[in-house]
Amino acid sequence: MNWGSLSAFIEMGGYGGYVWGSFGVTAVCFVLEAAAVAARRRSLLRERRELD
Amino acid sequence: MLEVSKLECARGERLLFRDLNFVLEAGTLLEVRGANGSGKTSLLRMLCGFLQPAAGEISWRGKTVNAGNEEYRSELAYLGHHNALKDELTPLENLRYALRLSGIGATDTRLQEALEWAGLRERRHQSCATLSQGQRRRVSLARIKLSPSRRFWILDEPFTALDVAAVERTRDLVAAHLAGGGMAALTTHQEVPIPAPATQRVELSA
Amino acid sequence: MSAPGLLDSVVAVVARDLRIALRRRADVMTSLIFFVIVVSLFPLGVGADPVLLRTLGPGVVWVAALLACMLALARLFANDYADGTLEQMVLAPQPLALLVLAKTAAHWLTTGLPLVIVAPLLGVQFDLDADALLILLASLLLGTPTLSLIGGIGAALTLGLRGGGALLALLVLPLYIPVLIFGAGAVEASAAALGAGAHLSLLAALLLGSLVFAPWATALALRIAIE
Amino acid sequence: MIMTDIRWFKYSSPQTFYPLAGTLAPWFSAAAALLAIAGLYISFFMAPTDFQQGEAYRIIFIHVPAAWMSMFLYLVMAVWAAIGLAWNTRLSSMMACAIAPTGAIMTFIALWTGALWGKPMWGAWWVWDARLTSELILLFLYLGFMFLHAAIDDPRRADRAAAVIAIVGAINVPIIYFSVKWWNTLHQGASVSLMRSPSMAATMLLGMLVMALAFWMYSIAVILMRVRCVIIERERHADWIKAPGALE
């Protein structure tokens, strides 16, 4: 185990902003991308239903 | 010679025609009819090999018409919607270029004769930018006239912007080509009966 | 198709495009003047310190040449596309890639070559010495045809599209980077007494590579564009 | 007979692929989630602190996989696009279309994390390092592909034109990379490497590999879901898609 406490984990030896900025933005990108694809699918299905 | 089987054409999401079949032999005229937007031009452009069929096949002397079929292109003369003239050049220069490009040899006398046929002898040294629509069409038709060695003529609305006399001359030109064993495919809005050994009609309805 | 016929068609295309360029001199001048102006703006922006200008010079001239070439690309096929002569070119029995090469050659003669000729004058503005000017000339002579060849692909792909100009820049500029690096690098290397031989050979290699590949890709793109 | 086979292949491929993609996507999503958890655990709790770079080096656990994916996806996209161009197969062009946005996002992540790693290491958000510069150009290539496709109304023409630029780009990426690298050494720019730490501990390598696998699974899952959307958009007039329940 590398971290003695939660605050040490968040601090990342002084590089917290950089490390969490990287992991955070990556996570946000993936979530947004998946959400965008899901939204695209929903709108296509809605369009389909309106057509029927 | 030209075989079209099960041809299908789609532009974007719109299906223009499907299951089109015909065969053209020497001396046959193909008249393509239909309303605006029914796919007449698309069919002609497909015959040129510009457009890929959505399905079906076009073959010339048994070989598929595609980008690699250079033999077919060396037997083809095409008059499109656009006259394929450079505004900066004179009719004479335009004709000379077009024939050299497609590898048709023509002496200057023959070029002059063709321009005379088009009624543009006096204007042969003016730039094409100064010509009227009808005159430009006639320069373009002079190019077709100089391509009798091309077996298959594809003419998209050849009579557009022409006066009565020019329409008649053009009709005679196509008729002579057909009588000599050539082939032609054309679209037109005008009722211009062209005498031909054989005529095929294609009606497109979108 | 016989070889003389092939050659004749190629000559016909080059001759026609040169003649048109001669009759539309304003078009040719526009990109040349653009080039001169962009290069001349830099000293006004960064200051007239001769040492700074000498370092910046090659890069500035090269970047400006790149932009001027790109500006001229829009003309490469657009007019032929609009008036139908492009269709006739595609229909010619000759291999389209060869005709594309002919058109590109004519285009380079009327847009690239003038830049090459004017560039040494602009180099003088940046206080480059005679050796550096010579290398600049050589690098542009080897590099600008590559720009025309690669640019042809982009010009063909964006034919008839909305906002074609900006899209053309997005497509073409990334592909220009190696030419820029070796072109500007050649002059810098000679200034640093490292010898520009390696840079110039790499530029020549890029030129050869694009001579083989670019006309083929452009021909393909043209067929797609006229569909 | 052969003709009808080709026709079948050309026309019902999207139709058969659509349900298949729907079946596969959840499995890849689940694999991505599990691998991501494992990868994150390794990255933060198993991998030791780097004695040179401190904790900041942990960024490589996403930076390197993202950079790998960005380049690999471009290659895959170009191959699919080329297949679509050569054999006129619509599904392959649709795949290329579906890959592009994910590839662009991976490129963006590689750039972003590269900058965040570079600031503490080099003292600058951006350095003209060969790798970073190539990634930036790769982003432009992705954007060029997507914008060109979007600018052409006819989807088949768009497929074919975009395929040309994808192939040209794929040929150019290595040339660009090596030219930038050469330029970079000439200018004695920053040459600190993420990977060149004296001895890459085995756990670090393991963490990177697990994360790379997670990125793989995520990419496959999201691309499969996107290609389903592309199929619906492109085939909306096809008979099969109008059948009840066809979109499940």
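The chains carry the letters A, B, C and D, assigned in the order they are written, with residues numbered from 1 in each.
To be clear about the criterion, a residue touches a chain if its C-beta (ideal position, glycine included) is under 8 Å from a C-beta of that chain, and two chains touch if they have at least 3 such contacts.
For clarity, every value in this text was computed on a predicted model and none was experimentally measured.
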| item | value |
| --- | --- |
| Centre-most chain, if every chain is reduced to its averaged C-alpha atoms | C |
| Distance from the mean Cα position of chain C to that of chain A, given in whole angstrom | 44 |
| Geometric centre distance via CA averages, chain D-chain C, whole Å | 32 |
| Chain A and chain B: spacing of chain centres that average the CA atoms, whole Å | 59 |
| Distance between the centres, which are taken as Cα means, of chain C and chain B, whole angstrom | 36 |
| Multi-chain contact residues (two or more partners), chain D | 154, 236 |
| Chain B residues counted as touching two or more neighbouring chains | 52 |
| Shared interface positions of chain A, touching two or more other chains | none |
| Listing of all chain pairs that touch each other, if any do | A-D, B-C, B-D, C-D |
| Chain A residues touching chain D - in the complex, by the definition given at the top | 1-3, 9, 12-15, 18-19, 21-23, 25-26, 29-30, 33-34, 37-38, 40-41, 44-45, 48 |
| Chain D contact footprint on chain C (complex, rising order) | 153-154, 157-158, 161-164, 167, 170-171, 173-175, 177-178, 181-182, 185, 189, 202, 206, 213, 217, 220-221, 224-225, 227 |
| Chain B residues within the chain C interface of the complex | 48-52, 67, 70-71, 73-74, 76, 78, 80-89, 93, 97-98, 100-103, 127 |
| Contact footprint of chain D on chain B as seen in their complex | 11-13, 15, 52, 55 |
| Residues of chain D touching chain C in the complex | 137, 140-141, 143-144, 147-148, 151-152, 154, 157, 160-161, 164-165, 167-169, 171-172, 175-176, 179-180, 182-183, 186 |
